[in-house]
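Next come two complexes built around chain A: one with chain B, the other with chain C.
And now, the complex of A and B:
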């Protein structure tokens, strides 16, 4: 008996999102909600980062939501998920489903054949609430900018400052070898949205950012939310019309 | 460049009245002049990294019945350990490929991993090298013949993991749980005695020590993750041979970082300025870039402290290296220094802990405090 089923003609959206999430968190719940779709929220073991995934049913080409009123919850070992993701082509037809409460099934179809992976559900101890934060800055940029900025910063340092000053959104990394400062100004083509109540600058660990931006490949745009000494929020819209969202929260470096 | 001693050679940079280093060099020459047969104990073996993958396996013969193990050596005065090391003569062997691993029944190998040093005579033909100038400090290299007078006794657990061909990682953990000293485990690892037969190889000593500490601390990390979160901030302090260790425990999910501060003149230091190095688990690079083997050695000690307390913490270890540590002796000094750390403060206010550190530290050590205040990784917990 099928408990739920979600089918998408192209695996592209899942490949990049699951790949990034799988690098950031070690394990994650897969929450199948009858009305909200497929969801997940998990922190990494050090509580430095959180990944939040929201895939509403409308995002899928075909779906069967659970008929019961209760949510179904599975536990994913994200390392296993990452392995499957590596075996996934962006053009594969993608199905996520379950026949029991013990395992989830991923099916990849291409060229007239199908591959089936069964993932045993693991115990997830607690599912964190999403933080509610009063950001003072929200910018929307093209994914390329964030990818370049993070990789540039990585050349000289292992932390990066992210900030806004006088209508410019920038990354700044300083190391013994030098300084890099990728930036984009209000009005530029790569800056799709800009809303800043104040100038801010906060530092974040680059290693996490490097993993998170893996999701940029499957996204049309990236929304970044910031505040002084607050976590950074990265939001990627996923799905054919951006119906789904993958969000990351990243704790700042702090000063006493 | 290694320690202060080989650079200073008796000019008094370490502040001691008498130069330990020159004294030991003189002693070496005196021994070799007097007679060519050294009666002593085979107690260790060293695998070189130069020329990798064709390396040299050199057994070490010392004159005293003291095992080459961190826990034992840490009990002795520093000068005595330097002397022990300087007078551990290394017997040069032909180079061999790392895949040509010796058998455990090879006498020299068996003696090097014996639970006690094995009575031996080293017939010296000629001296071919000075004590090592790079860390860790070890004795002169000679050519000659090694004769075992006693019977090596390999610890049972080591024999078992060797015969059962446990995977190297599992073998290291098993030996640690059985109470073997890390130096001893690293020696077995380096001699290619651990792991599946097909995977065995000789591992240069310096790499083996870091590898063993990395495996053990990963193992301890898995255990510590299961513990309830810490309740208060704690400050621990320990010291060994001019290595001052401050262990700062924060009530946070488990994390680890090492900050090293080198007093001017200390091994590897800048001569004029205080040097600060830092590696954190947050930067999830495969290997610590700045602090090398010290990173893992201190991690073993710090995680043991968490397990003793039965709670997990966000850990920062500050290592202050003083000029007194003039001849670096190896990662075991760092491991043992952390193990000696005792609680000096407990508080629920991080500011109070920082103040206490400020008061107890001198200007050199405060450089670490500056790094700590300037910038450390926060968690999301405060925002949930």
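And now, the complex of A and C:
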């Protein structure tokens, strides 16, 4: 008996989102909500980062939501998920489903054949709520900018400052070898939205950001939310019409 | 002995050094120094200078500490003070075993035998401790003198939030109330297994007190302490013969505490093997002697001072020492610049 089923013609969105999430968190719940779709929220072991995934049913080309009122919850070993993701082509037809409460099934179809992966559900201790934060800055940029900025910063440091000053959104990394400062100004084509109540600058660990930006490939745009000494929120809109979201929260580094 | 026997029931979380970046960790200095003395050896003997003075502890302290600071970790070493009265017997017994091992060492014929007994005879003499403190001061790494047990002091500092975790191989920090224990800190990397000689990859492990309690199905640290007493602690090393780890856990889960066990037929046997009232042993863990008299500051290393101590007095290679100090200086500067890594926990 099928408990739920979600099918998409292209595995693209699944691949990029799960690849990034799987690098940030070690394990994650897969929450199948009858009305909200497929959800997940998990923190990494050191509680520095959180990944939040929301894939509403409308995002899928075909779906069967659970018929019971209660949510189904599975536990994913994200290392296993990452392995499957590596074996997934963006053009594969993709199905996520379950027949029991013990395992989820991923099916990839291409060229007239089908591959099936069964993932045994692991026990997940607690599912964190999302933090509630009063950000003072929200910018929307093209994914390329964030990707370039993070990779540039990685050349010189393992920490990057992210900030807003006088209508400019920037990353700044300083190291022994020099400084890099990728930036984008209000009015520029790459800056799709800009809303800043004040100038801010907060530092974040780059190794996490490098993993998070893996999701940029499958996204149309990236929303970044910031505040002084507050976590950074990265939101990737995913799905054919951006119906779904992958969000990351990243705790800051603060001056002592 | 002790909580280590519960290892199969406790699941530590394996991590990487870099995940500990920005964290202050109070390291049980005696524990770390013993590790250096027993693992940093050459031809079955600890490293020595030309006058025959041991230098393994200084070698480990310098190079392993530099590795930690390079990963952004802020170590503070905590030294044992006076042991509690109840521990003296344990220490006397250890001393006797060392004397036996010394006899065997004299007769050892192979390198393997020599290494084995050499490890067993290691003593942390006052000279070695003074060496270690002197080197830490020159390196700009803080150290704290505990009034009594080092691990109790580490746990106290972690409870106060002055450090993020206690660092030790022993599980006792959890009994002393450290919310978090990091193991393997000073032996991370590829290491030869001391007995099998196999090369293994050692990673840091994090044990959260709350997780350990959950995994064992216990309600409180008091219960964990009672459990440890049944299994044997530094204050009653033999534990209760005939009560193994699973049985002990069962008993504490069922009865809730040692006190509740007093009305059972098991009690006479338990009582016979305890060197003191349960309350007395327990209080050594629950209310240990600790101090608030410490300052945690990481400072610029004194390169010439280190060279004078290690190279001129102790025959270390000048090139290697200067390179290590250079790495340390860079890493210390980076510590200041990078700031402290927060967690998301503060933002809910």
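One rule holds in what follows: the second predicted complex is superposed on the first by the 256 of 256 C-alpha atoms of A that agree within 3 Å, B and C clash if a C-alpha of one lies under 4 Å from a C-alpha of the other, contacts with A are read in each partner's own complex, and residues count from 1 in each chain.
Heads up, the rule we're going with is that a residue touches a chain if its C-beta (ideal position, glycine included) is under 8 Å from a C-beta of that chain, and two chains touch if they have at least 3 such contacts.
All figures in this text were calculated on a predicted structure; none of them were measured in a lab.
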| item | value |
| --- | --- |
| Clash-or-fit label for the pair chain B, chain C on chain A | clash |
| Partner chain in contact with A:254 - chain B first, chain C second, else both or neither | both |
| Chain B versus chain C as contact partner of A:206, first or second or both or neither | first |
| Chain B versus chain C as contact partner of A:181, first or second or both or neither | neither |
| Which of chain B and chain C A:45 touches, first, second, both or neither | both |
| Touched partner set for A:147, first chain B, second chain C, both or neither | neither |
| Touched partner set for A:231, first chain B, second chain C, both or neither | both |
| Chain B versus chain C as contact partner of A:168, first or second or both or neither | neither |
| Clash-bearing segment of chain C, relative to chain B, as chosen among 24-32, 240-248 or 276-284 | 24-32 |
| Chain A positions touched by chain B in one structure and by chain C in the second | 43, 45-50, 128-129, 131, 133, 158-159, 203, 205, 207, 230-231, 249, 251-256 |
| Touching residues (chain side chain A, partner chain B) in the complex | 43, 45-50, 128-129, 131, 133, 158-159, 203, 205-208, 230-231, 249, 251-256 |
| Chain A - residues contacting chain C, complex | 43, 45-50, 125, 128-129, 131-133, 158-159, 174, 176, 203, 205, 207, 229-231, 249, 251-256 |
| Sites on chain C touched by chain A in the complex | 13, 15, 18-22, 72, 206, 214, 330, 336-348 |
| For the chain B and chain A complex, residues of the former touching the latter | 225, 252-255, 281-285, 350-351, 354, 372-381, 383-384 |
